[in-house]
Amino acid sequence: MVNLSIIGATGYVGLELVRILSTHPNIRLVKLVSQSYVGKKFSDLYPSLRGICDIECSALNIHEIAESSEFVITALPHDASKDIIPTLIQLGVKVIDHSAHFRYKDVSVYESVYKTTHELPELQAQAVYGMPELYRNQIKDATLIADPGCYPTCSILGLAPAIKANMIDLSSIIINAVSGVSGAGRKADVDYSFCELDDNFKAYGIATHRHTSEIEQELSLLAGEAITISFTPHLAPFKRGMLATIHVNLAKDVSTEEVLACYQTYYKNEAFVRVMPLGTMPEVKHVRGSNFVDIGVMVDRRVNRLVIVSALDNLLKGSAGQAVQALNSMMGIDESTGIKVPGTQI
Amino acid sequence: MVNLSIIGATGYVGLELVRILSTHPNIRLVKLVSQSYVGKKFSDLYPSLRGICDIECSALNIHEIAESSEFVITALPHDASKDIIPTLIQLGVKVIDHSAHFRYKDVSVYESVYKTTHELPELQAQAVYGMPELYRNQIKDATLIADPGCYPTCSILGLAPAIKANMIDLSSIIINAVSGVSGAGRKADVDYSFCELDDNFKAYGIATHRHTSEIEQELSLLAGEAITISFTPHLAPFKRGMLATIHVNLAKDVSTEEVLACYQTYYKNEAFVRVMPLGTMPEVKHVRGSNFVDIGVMVDRRVNRLVIVSALDNLLKGSAGQAVQALNSMMGIDESTGIKVPGTQI
Amino acid sequence: MVNLSIIGATGYVGLELVRILSTHPNIRLVKLVSQSYVGKKFSDLYPSLRGICDIECSALNIHEIAESSEFVITALPHDASKDIIPTLIQLGVKVIDHSAHFRYKDVSVYESVYKTTHELPELQAQAVYGMPELYRNQIKDATLIADPGCYPTCSILGLAPAIKANMIDLSSIIINAVSGVSGAGRKADVDYSFCELDDNFKAYGIATHRHTSEIEQELSLLAGEAITISFTPHLAPFKRGMLATIHVNLAKDVSTEEVLACYQTYYKNEAFVRVMPLGTMPEVKHVRGSNFVDIGVMVDRRVNRLVIVSALDNLLKGSAGQAVQALNSMMGIDESTGIKVPGTQI
Amino acid sequence: MVNLSIIGATGYVGLELVRILSTHPNIRLVKLVSQSYVGKKFSDLYPSLRGICDIECSALNIHEIAESSEFVITALPHDASKDIIPTLIQLGVKVIDHSAHFRYKDVSVYESVYKTTHELPELQAQAVYGMPELYRNQIKDATLIADPGCYPTCSILGLAPAIKANMIDLSSIIINAVSGVSGAGRKADVDYSFCELDDNFKAYGIATHRHTSEIEQELSLLAGEAITISFTPHLAPFKRGMLATIHVNLAKDVSTEEVLACYQTYYKNEAFVRVMPLGTMPEVKHVRGSNFVDIGVMVDRRVNRLVIVSALDNLLKGSAGQAVQALNSMMGIDESTGIKVPGTQI
């Protein structure tokens, strides 16, 4: 059993981590830190966990946490996590962070996108981007993991095989993505109220969404050259789930079958990537509640384009689930421990 | 054309009033008062109204309003409306108020339910409860209307014929009601966020909801004796609509057909009450987007109880629509002017 | 490992059983029978299970099933299951049935409610009503389990402690219940299409729903006298979940605290019944995706009534989950094996 | 008053037509033809219309209809409408058809896309594509209108100004669109059941959707050269509404402001096209329940692409509303009569 604490436990990513880790066979939850709910039982805030996790939320005491926990997962805003993580690392704790702070190879990109100064470039240099499909070996031995964003996970995994196979025009990547509302976190904001979002559908952050740079970084590394993309996120009226429809011009004359074979080969050893059979496509309901990302492909010969559809649960493969995947690696156990669970579909 | 201003125009009841009155043939909207959005075009806040109502929101200037408007509708919290209305009335404006402040015949009931002191008992004495089906004659000549609450409208209209016909045991009234989320208004509150309410269903305010006293007041007046009820509201995952399922013990041996005949007779001249045919029941989708209240009845002989189901749109017959019904009366025109519109059903 | 087959595997209850049992540590799924999808992989029909359960659906071959399976769960219509179960039992298979066929102590009640003749009264006599909280000892040794209905589970567990404590007027029970749409099963029916149900809310089957008789049977057995109830089901726009709001007149002068203490004592050893703390009430989101039933109580002194709210997931504690609870008992293992999982709340 | 009948009145487009035309000041509804509901009152099928339209549905009697009605609107499948319309036209009736049958300038395109033989090429030659923004003059004098598809309306109006201004690379058009479920019509089909679609999101008909050819026809006519596009429709969990996110490579160096000015000029006289102010974008809730199409634009300099977002209500501007717009033109009255109504937003 490994001791683990969560800082920022009462947001939706925190809730999801608590839910998963409460029944994880190798983890003992120690501290659930939440400044807003100190002294409140986690299960009083989230009664779905009554009888499963009745730990009381505590204030942040870094030393106490470091003494009691081998691992810490932080689910905090960018600014908040950067003040805590260096001390934790110094005290020998391994950390998985959910903010964007440590996701960038080039801190100047982070600084320009997030309009701030990055004060921890050395720590950044140690951090590993926590996507097991791309960085499995580094994750195993990491002390600091930057858990990827949800849109980047959905987009990068959808494009990786096609890029590695040199089959697409790298200047033509257009990603149209749709997220459930929980992606925005737990907040008191009229714009995220039920009456404003139910039955609605909208694009947002057109040409400006911060995840664009994170996607571009990883796609560029895969391609070995700088890639610039169009990324357009949308908000749909469901709580969790994400689907990206990706359009690219083909650089080779390939059939849907050939593209499919390429994807199947690329992901053949992956526990959580499912390539959809010919003629079928992912849907949000197929992945919601699970750590799977489903990917389907279709060549449109009329326009010589490839359409890739990828879907995942933004709170699982898109955040908390992927974090546990990394955590399992870091503990040296099977990557799918505690998260190889199907969604409910209905 | 009559000049009308709305104070508290940017909440959901205000939005609904603007929407209806923008196309009302006898009304010219003058001022839309909203302290939070002074200078902002109404249609920038609610783009559904672009090209329909592009008036700029203004600050509250009571004298300016009184000079320019024969009618004012207030859609404000209880505390706020009581500070404004006396002056408006004094300056000769007719007012329709959406708060609970002027709904109570007995100010001490208001004081105990709303835990405050009622400072305007004389004005209260002039106010008319704005339910045309019960107070049509008084509404016509009123200077101050207290627009009824949504739950009270749904409940009182569902019970009135049965009470007037002495067919039920008055001590046995149990009202189980369900509201859409817009009933809580427009607000930044985690509890009303999409992620907390979508796919959810819950009871709230059991044995304590403030509308209980309003329903009891009107039922007691109908019965000619004091009635105490069970009222249990619930919140369902849709934006607008309301349905009450009412259970009462029968005091007479009557059939469903007889009860139905009684209801049909009672409401035979009403433009906005539709009694459902034998064997059919109201549904929220039948009334949403309209000013109708639909009512169905069924006698359950096994238990000697009458089940009454009534449904309405909480933002129309439950608030803004009913206010316009009263407004039409006060203007001396057909009560259904501008609001005899069917909902979309789909 | 115990071998188990499911007959009627591709309906929603079947799907839920496959989902749970695919990861159950003591069960090996053998046959998934579905007449409509013979030869189709279960995961092609329900892609959420790709990589988890890729068994091909098969035609019904009773002898093959009986040879290969110690347990069979049937999730079929009433008429269909009665033709299969006797043979299975005869061949030594233990059966858990989801139809209403074997739920009635008195076959004449079944016959009058379901308007048919019960051809298997002897088998009925052996059947055990599969609610562990009431029939744990009989379930352990049963060969045939009648899995309870969803509304009955929600209602009976909500009322049992109050009835056993003689604190309520047995003639006053009024149950107002709300179900998610999956309760109606998987079907091609305009009335259950998205456009007809989304955003809608309605009562149905008023005074006539067949579950009424099932609830009355079990409440009468608990009380030791015949009970007649009012039961009014409603349909709400979510897929899974159920909430019952129960109103009863108090026969004793008790406080909310006393009622709560009574409920806590009654259910103190139950793994899946959670009595809500004073002042809090169940919500559908607290139980969805789990096998829990949550129960809250509140005394309304003004009207001398007790309000009980109980909630569960209709596909879990309301059907498939409760079946697995019984299955675990019959296998002699911990009743919560494979189903002690919290829902996702969000 | 003009007499009008609807053939295929009980589908969702029919419902929407009845709803609009029941309160249209210049129209008298004569016959509502529905083979499935002969003799049933329209308002028994759709109770939202009780007291508004209680006409009984009738069987199809073409001569009776032609004698009593100057206009007929058909809302039938492709195959069905082609058997009825020639006779109606011959008998002097003006027809607005909702099928795809008469939408194609080149019948061979229709034949290849719809996999059938077009038996009425002469009638096709008379038909006018009923999009007032493009064909206002022809509509006025038409005897047969082919009401455009919903996706084509949303896409074509979104692209027309940019194409006419020669600002985009015509080979680069990628349309990613999302529709509400009512676009599929009223049907008993498991795939359109509530449990399969609620909370879900999916792409469908990738590279094969039939509306692609209709969009290409009109864009090619606007451009004066043949255009081939990528069109990818999606299904979202709401009943009505549509939003298209369109990506195109810029052929000119233009700013968002310049594109916006171009769009505002192009649509400056249109009653139902609203170009969104700089920095704002359409949302489904802004147009639902109205005949408006809202269009927003944004230049993404990093990739030299233009993103266009257009939104409409698929049952209004996407079908029934646009049909009434054409009808008004054909009657010689203001095009917006009876349909200049804002949506409810909430």
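Chains: A, B, C and D, in written order; residue numbering restarts at 1 for each.
By definition in this document, a contact is a pair of C-beta atoms (placed from the backbone, for glycine too) under 8 Å apart; a residue touches a chain by one contact, two chains touch by 3 or more.
Computed from a predicted model, the values in this text were never measured in an experiment.
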Intersection of contact partners for chain C and chain D: A, B
Pair of chains joined by more contacts [C-beta pairs], A-B or A-D: A-D
Of all other chains, the one whose Cα centre sits farthest from chain D: C
Between chain C and chain A, distance of the C-alpha-averaged centres to the nearest whole Å: 36
Inter-chain centre distance, chain A versus chain D - centres from mean C-alpha coordinates, in Å: 39
CA centroid of chain A to CA centroid of chain B, Å: 46
Per-residue overlap in chain B, given as positions that touch at least 2 other chains: 12, 182, 195-196, 199, 237-239, 282-283, 285, 288, 346
Contact graph of the chains (line, ring, star, complete, other): complete
Contacting residues of chain A [partner chain C, same complex]: 12, 15-16, 19, 22-23, 44, 46-53, 182, 199, 239-240, 274, 276-277, 280, 282-283, 285-290, 292, 294, 315, 340-346
Residues of chain B that touch chain A when the two form their complex: 12, 181-182, 186-190, 192-199, 237-239
Chain B to chain C touching residues, read off their complex: 174, 176, 178, 195-196, 199-204, 206-207, 228-230, 232, 234, 236-239, 241, 243, 245, 247, 281-285, 288, 298-300, 302-303, 305, 307, 309, 346
